[in-house]
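Two complexes come next, and they have one chain in common, chain A, joined by chain B in the first and chain C in the second.
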Partner chain A sequence: MQEVMNWSDEFLAGTFVIIKLFFISLVMVITWGLLGATAKLSNSRIARGIANGFTVLCRGTPEFLLLLIVYFGSAVTLTSIARAINPEIRFLDIPPFWAGAFAISLVIGAYATETFRGAFLGIDKGYIEAAKALGMTRFQVFWKLRVPMMWRLALPGFGNHLLSLLKDTALVSVIGVEGILFTAQQASSVNHKPFTMYLTVAFIFLALSTVIVVTMKCVEKYAYRHLEAAR
Partner chain B sequence: MTFESSLILESLPRLMDGLWVTLRLFVLALTCGTVLAVGMVLLRISSRKYLSWPVMAYIYVFRGTPILVQLFVIYYGLPQLEFIRTGPLWPFFREPFFCAWFALTLNIGAYTTEIFRGGILGVNKGLLEASKALGMTYAQTFRKVTAPIAFKLCLPAYSNEMISVLKATALASTVTIFDVTGVARKIVAETFAPYEIFLSAAIIYLILAWIIQNGVRLLERRISRYAN
Partner chain C sequence: MQNNPPIISLKNVHKYFGDFHALRNINLDVEEGQKIVVCGPSGSGKSTMIRCVNGLEQHDEGTIMVNGHTMSSDEKIGNLIRQEVGMVFQSFNLFPHMKVLDNLTMAQRMVRQKTKAEARDTGMKLLERVGIAAQADKFPSQLSGGQQQRVAIARALCMNPKVMLFDEPTSALDPEMISEVLDVMTELARDGMTMICVTHEMGFARSVADRIVFMDQGEIVETGEPETFFANPAHARTRAFLDQIISH
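Up next, the complex of A and B:
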């Protein structure tokens, strides 16, 4: 226990890093999910093709490999561009934190695309027709009807994606982001107590996923508050 | 920066060596994890709390933490404990492949138990009452009615789990195993051509995932050949 207390500041900082990573990727996940689902349901063949390619690629390759492709791929591209401008430059990469957030968001975004697509399809057509009859524009229909009605249907699936997202934040330690797993690696190389250190990491993740589960229960209750009386 | 296709051809034999390791890890972990889940789900659906609660705790811990962390606890962490290092299992826990297999098996066990439970709960109650009326014992009902139907109900979720496991095997490369991802990382470290090599590795995983998905789809069609 003493060993963990000695590193408590670092663990706290690492926890903040993964929480930050979680929320930044979450914003991207929702963006990819909405874009992907809209593209999959659109009439345009090209949009559907791109969205299908995106989901197949990002759901079929390991998260870890995708992370390596994004991080090392972007580093090679950036370095060669920079060298073309200034031959003095040896190496250039995008910050691992952002590469990690982007890579994770692609994977979970692909899953969210499918969830959102299903939820969009679950909306009663009558509402959309009524809105059109009222003279609402397509933009208004999307933001005022489709999205609010869709997210309620998407909630259970999306809650699971949030858990996967949280767990995927552990991966970024491999490319050097100072998350809690990275902290544990450093700590155990100093105090030779890897079991204690990694178990602490597991406990922190367990606590955070418990928070997500409880939050999602509350959000679900809030989403269905108008049906409370009917139950 | 150029895209060198010759590099892909050169590294293909080494990636195939990695594929063998990936497949071995995948099949071993999936088989053992599924067997574990069959045992666990019997405890999980029990009405006796002292049987079902430990399983619930196990599932909660393994589903709530990243596989990478579980793997690190087992591979890097366990040697800290005196009784592991002096115990009879030390030759196993020293091996990275064994640790990766162990972590994956426990993880698959936790997820698959929940999948199986969902399937068992989905079996129509009327069928159970009918078999009771026929005088079948609980064990007979489970073996001849509940289990086959539950198996069919679980298949779609189970095929998703299989693909997750395939993707999770890539994490084994973090504990010095040369699976497809591990080999790819090594080649990239030598050549620094991440696009060519990592994308080839990604295609290998995509093909495997495609095979799994379609294999299960065929199996599903065969199982439900009496349904319509």
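Up next, the complex of A and C:
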């Protein structure tokens, strides 16, 4: 226990890093999911093609690999552009935190695309026609009706994506983001207690995923209160 | 009496679903304040016809004029028309996740740019008019079918439409709830609303309709005032249909 306490500040800081990573990725996940699902359901063949490419690529590649490709790929590109302007520059990269957030969001965003698409398709056409018949524009119908009905249908699947997202935040230590896994690696290289250190990480993840599960229960309760009311 | 142009006018309208010819050469004029009842066997094109009037379906040939606008595939024109044309569906289609009053205020705020207070005011007035103000804070699923359909009528009326379309508004209801909805519709007719009602409620048709339109296989077979329509239908197909629904 003493070994953990010695590193408590670092573990705490690391926890905040992954929480921040989680929320920033989440915003991106929702964005990719909405864009992807809308594109897949659109009439435009090009949009559908791009969205299909996105989901095939990001669901078919190991997350770990995608993370490395995004980080090093962007660094190589940025460095070569920078050197064309100023040959003195040695190395330039996107901050690892942002590269990590982006890479994770692509993977989970690809899964969210499929979940959102299915949920959009699950909306009864009658509600959409009723809104149209009231003179609402397509844009208004999308934001005021399709999205609120879609996210309710997507909720159970989306809860699973949130758990995956949380767990994927562990990966970013590989590009040097100082999350809790990074802390554990550093600590165990000093105190030679890898088991205790990694167990601590596991407990922190377990605690955070419990928070997510409980939160999702509450959100579902709110989202489906109109069904409860009918009983 | 001045001769105003009809508020709804369909001229030589055709509609296809793929190869299927769903509407064949439909001609129908509706003057302001008139009440039209449309009847006919299932699959005869009644829904398709009134859905073409507010552009929920696009017609393929002919012209449809509503309130001075010519219906086209242009969404702006479609919206312009739909803002003035209310519609009530067989399956109510109340937004299930929104409370009754919110069902009534959403489009007012989006389409008519009303403030929240104005929209709620109008909403409550309309709920009172259809006799369910007490249910304003409930969810649709907590209401009976008849109550839900009355909310749906109130929701359409909130937009202050010039025309109301009804597509079999009582067909999904238990028998004991039909009259509460027909009463609201009858009152609306008395207040001078222009209405096209697809319904098989012949009592309602007799007392409210200015004209009855009988459709079969995508065509308007016969149009007539209620007395002549029921007493002396001109076509054998009309007679066969009336025999069938009256014997049931």
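Operating definition for what follows: the second predicted complex is superposed on the first by the 231 of 231 C-alpha atoms of A that agree within 3 Å, B and C clash if a C-alpha of one lies under 4 Å from a C-alpha of the other, contacts with A are read in each partner's own complex, and residues count from 1 in each chain.
Here is the rule we use: contacts are C-beta pairs under 8 Å (C-beta built on N, C-alpha and C of every residue); 3 or more make two chains touch, one makes a residue touch a chain.
Note that the structure is predicted; figures quoted are calculated from it, not measured.
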After aligning the two structures on chain A, examine chain B and chain C and state clash or fit. fit
Once the shared chain is lined up, is A:P62 touching chain B (first), chain C (second), both, or neither of them? first
Is A:P148 touching anything from chain B or chain C once the two structures are fitted on A? First, second, both or neither. second
Applying the document's definition of touch, where does A:Q140 land relative to chain B and chain C: first, second, both, or neither? second
Tell me the contact category for A:L227 with respect to chain B and chain C: first, second, both or neither. second
Who does A:V174 touch here: chain B (first), chain C (second), both, or neither? first
Is A:T38 touching anything from chain B or chain C once the two structures are fitted on A? First, second, both or neither. neither
Per the contact definition in the header, classify A:G73: touching chain B only (first), chain C only (second), both, or neither. first
Please state, to the nearest 10 degrees, the angle that the Cα centres of chain B and chain C subtend at the Cα centre of chain A after superposition. 110
Winner by number of chain A residues touched, once chain B and chain C are compared: B
CA minimum distance (chain B, chain C), superposed complexes, angstrom: 29
Intersected contact list for chain A, partners chain B and chain C none
Which part of chain A faces chain B closely enough to touch in the complex? 56-57, 59-66, 68-69, 72-73, 75-77, 80, 163, 167-171, 173-174, 181, 184, 188, 192-199, 201-202, 205-206, 209-210
Help me check something: in the complex, which residues belonging to chain C touch chain A? 54, 56, 75, 79, 82-87, 89, 91, 93-98, 106-107, 110-111, 138-142, 152, 155-156, 159
For the complex, give me every residue of chain A touching chain C. 124, 126-127, 129-138, 140, 144-145, 148-149, 152, 223, 225-227, 229-230
Which of the residues in chain B end up touching chain A in this complex? 1, 60-61, 63-70, 72-73, 76-81, 163, 166-171, 173-174, 181, 184-185, 188, 192-195, 198-199, 201-202, 205-206, 209-210
